[in-house]
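Please find the structures below.
The two complexes that follow have subunit A in common; it is paired with subunit B in the first and with subunit C in the second.
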Partner chain A sequence: MQQKEPKLCKKCKTNNPNIIVQKDPVCKECFIGYVEHMFKMSLRLKCNITQKNEKLLVCFSGGQNSTALVKLASDVVHSTCAHNKSKMFIEVHVLYINESFIMKEFIQEYQPQDYTNFVTNECKLPFQIVDIQSIYPDPYILLQQLHNLSESGSSREDFVRLIKQHIIYDYAIKNGYQNVCFGQNGQRLAADLFSQLSKGRGLSLQSATKYNFSFIYPLNQNKLQILHPLKELLNKDILYYLRLKSNLNFPNFILGQHLSNIVKNKPAHGNIDHLLEQFIDKLQEGFPSTTFTVLSSAEKVTIKPLQQQSHCPLCLEIRDQVYNRLEVETLDNSNQQLINYLRANTKYYNKICFTCNRMLQSAQELENFYNLKGFPPLIVQIADTIQ
Partner chain B sequence: MVKYCQSCNTQKAFMVRPKTGNLICQNCFFQAFEDEIHHTIISTQMFQPGEKIAIGASGGKDSTVLVHVITLLNKKYNYGLHLYLLSIDEGIKGYRDDSLETVKQNQITYELELKILSYKELFNWSMDEVVAQIGLNNNCTYCGVFRRQALDRGAIQLGVDKIITGHNADDMAETFLMNLLRGDIFRLPKSTAIITGDDGDNGIATLPRCKPFKYTYEKEIVMYAHYKKLIYFSTECTYSPNAFRGHVRELIKNLEAIRPSAVIDLIHSCEQLDAPHQNQKLPQKQLCQKCNLLSSNKICKACTLLESLNQGRAKQILQIQE
Partner chain C sequence: MKIIVDFGGGLDVCFENKKEITLEFEEQQIKMADVIIRLKTICNPKKLDFFYTQQLRPGILVLINDADWELEDKEEAQLQHNDRVSFISTLHGG
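Our next item is the complex of A and B:
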């Protein structure tokens, strides 16, 4: 009986394979080469980073995806890739938003991490740290706002996300960065898309998963390019890449420990983002084409033309249209009075988009939110500028 | 401590409303439930006075509540509609044969004309026979395609203007996510359309299908049926456990548990989508060369599936003879 020949790496046909990449078994070395090559091609062809000395602002959170992004950006800039040493003549700066101020408030065992050694010494990239509370005139207002928001439904996480977004875009524009790079891989983008859809952000279908999306900053009409160069990769690709290239530990703070029992007992500790991550991850295991089917569908979808294109001052997204009253209210008289009151008595109710309204529902001191009381001056300025 | 209804602030609360998470009394719940369906019908100009409407009735909770509410609203607000019951017998023993008894009961209760069509008489195949042939993979595809055509045929025989079905908000949200997961971008914008089939391309008349329960939660339909003491048949289809929709259904339930408005939020997201661009190749609507019903190909999906089934049966007969 003929013995089956042991399978070899599909690319080099020499080494034993270690991982499956898009149905092909590849060895460690070829895998790293694939990731580096894919990253360069993404930047050049999909993200249109072609000009010499083009400035790229890489957003780093300390998580696995952004760590991989910083490592790859560093290799490409310093020509330290394992394969193909061709250099990209771009300027990469790394921006990290330090959330210790709010994390310490909600997670008792939280330990702040110092990434200076990794970014500055190991990756040799300029590193800027901005404290999340620095955007607020009174930082304790931020904590108060988070406490006022609902524990459930990712309201607090969404609020933090939009504050960070304001900081990133403002920093990018003030420092002349036209390109802002995020580290989400394809699987995370698909999960994020589903999460946004579940919160009512249908318009995100046209932008949230693109390699390269143009964003007009409403304050001064400056154009920013939002980039996702790791879109081609899956979770397992990132994990394996980091295992081979990095010695960093990724502390796993126990999420949900600080929540009330009612919320803790909900699916995914009441966190919509985590629920959708789990959903996509589970489907991806059973149906390997899930991620790329979702991303490909999102690319082809078209959005209904809007009567007017104006932005929400909180999330900076374009305000979507409500096609039926029942999307926003019920006819049981339980929320109509409140909606009418807020509409008549607050300054910015009509400027807040559908999804941000959902984020604010069940919040305490709603009037303060809709009057942007205590909010960063930047956000108030944007709200006053928007029609 | 007594908890009061958050709508009227007068009566004692008797339940938490699934759509809002607010406390509500029985009267306010029934009122809101019916008012919201009435608003859905009026705001979308779903019906015209004098129209003949076939209600897709399976005997399940959705169609039973649909029959009850439409009959009630038709009288209360003078829609001027002529209502008929249309039932499809897929031929699933222990499931459909039992639920049809419920439909017959509804016929008597609401004094409506009832038409029952079966897969066996239309296609010469019952679902039990289909599953025996193809197994438990893709059987929902066969059933869905056949049911669509069966409803059309039944509606033509009744001479109605529109069909209404009990598809609720949860169903629509599930369909939206499923179409996104399967990459079906042509169906994506129509996933939550309240009236489908009324576009009449190429001069080919199609029977519009309407979904008055578009903004109605499945849980609320169950509660309405329960507290109104409506009789319905509640068992899952024998062949559905392996359906892909089960994954999405579980997701929707979990989302609802976290944030009650998530189902409506998904519908709102889908409403932002437009039909595919004109430069994207769209299937052209035409009439099937075999059965003369609406199709996007020369031979419609139902006839294609039937052919594959009949070929399988022909192969079996030949094998037995050998």
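Our next item is the complex of A and C:
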């Protein structure tokens, strides 16, 4: 009887394999080396982080992807990579936006988590915590706004995301960080791509998926580089990497997971982001090239340059121009009276983009949203600056 | 035969918040499929993070003694006494 040959790691051809990476069986050691190499290569070649003492702001949420990002960033800064010990002479600073204020309101069993030990002691990186409600003059307005938004779909989660985005960009500019790193891996970016397209953000394709995207902050025209250095990695790579490297317990309370959990009778709780993540995950499982095919196709999409680029003060994305009657309004067309009223009687209706209008659809106290009543002064200032 | 099962990435909420459980089988030969069938019987039916229809939800990383179960033919993988099976999920966001 022919005996089955024992498999060996495809890279070192010595050890027994532990994980399959892009169809190749690799051992634990080679896997760690692969992840570290992909990260360094992404930073240097794709994200153009090549200058000495270049400053990176790493956005950390406590989730798996950003935890891996912080760990990898720490290893390259302190030269503690398991393989290739070459150091990158960059300055990394970790920013965490504390959402406890919202979590306590929406999650009954919520318990706060402290990441100081992980970031400061284990990873030895400077760590800044900003409370999400701190940019509001009256923090309870934020809770009121979330309650006023529709509980179905991704409205509440989108709103929290855009508030966090404002905090991140403002912090980066005030503290001299031109490079802002986000932890989404390739699989997440592929799902985000579909999700953004579904919500009407076709013009945001590039910012959503590129390794390195230049963004001009509308308030003071400062330039920021938005980086996705984990783009080459998949969910599985991140999970296994963390399994081998970190003993951190992951949070049970992810705000996005819980904000739409109230909705029971729709797939993925009626949340398009969750739904598309599940879609990509299922495809990826059956067809390992899914993620990279989606992302490489996205790179080929060209966007017609607009004659005049105006930005939405809420999401800071480009406000698209209307070309046909189908795109004219996003609120239910049977509500034409409401649309006309908002256009005539609110200060910022005409400055809000298609997707943010969709987010506000079905919200209560719409006038307050379109007048930016109670919003952080930063957002009002941007809205006043934008044409 | 005893199999140790641990849950990561928030999957413990599907099993009464237990991060680790021990399953006992009378049979001497157990496959991964048998473990999954057993887990189905004790999984909280209101939590949809573990099972999608009747199968394991896509995107859950399954390890047998810290090795990818794809290396061992997935559900057909033969288990030994005191093997450790790990289920790790990605959470939305993060």
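Heads up, the rule we're going with is that the second predicted complex is superposed on the first by the 366 of 387 C-alpha atoms of A that agree within 3 Å, B and C clash if a C-alpha of one lies under 4 Å from a C-alpha of the other, contacts with A are read in each partner's own complex, and residues count from 1 in each chain.
Note that contacts are C-beta pairs under 8 Å (C-beta built on N, C-alpha and C of every residue); 3 or more make two chains touch, one makes a residue touch a chain.
These numbers come from a predicted model, not from an experiment.
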item: Subunit C versus subunit B on the shared subunit A, clash or fit after superposition; value: fit
item: Contacts of A:F354 with subunit B and subunit C, given as first, second, both or neither; value: first
item: Of subunit C and subunit B, partner touching more subunit A residues; value: B
item: First, second, both or neither for A:P25, with subunit B first and subunit C second; value: second
item: Subunit B versus subunit C as contact partner of A:N53, first or second or both or neither; value: neither
item: Which superposed partner A:S66 touches (first subunit B, second subunit C, both, neither); value: second
item: Partner chain(s) touched by A:S86 [first = subunit B, second = subunit C, both, neither]; value: neither
item: Partner chain(s) touched by A:S296 [first = subunit B, second = subunit C, both, neither]; value: first
item: Distance of closest approach, subunit C and subunit B, by C-alpha atoms in Å; value: 14
item: Interface residues of subunit A shared between complexes with subunit B and subunit C; value: 282
item: Residue ranges of subunit A in contact with subunit B within the complex; value: 152-153, 194, 196-203, 205, 266-268, 270-272, 275-276, 279, 282-283, 290, 293-294, 296-298, 300-305, 320-327, 330-335, 354-355, 358, 361
item: Interfacial residue positions of subunit A with respect to subunit C in the complex; value: 7, 16-20, 25, 28, 61-67, 183, 235-236, 238-240, 243, 250-252, 254-257, 273-274, 277-278, 281-282, 284-285
item: Subunit B - residues contacting subunit A, complex; value: 6-8, 17, 19-20, 22, 24, 28-29, 31-32, 35-36, 39-40, 43-44, 176-177, 180-185, 188-189, 215, 247, 251, 254-255, 257-259, 261-262, 264-277, 280
item: Residue ranges of subunit C touching subunit A (in the complex, touch as defined); value: 8-10, 12-13, 52, 57-59, 61, 63, 66-68, 70-71, 86, 88, 90-94
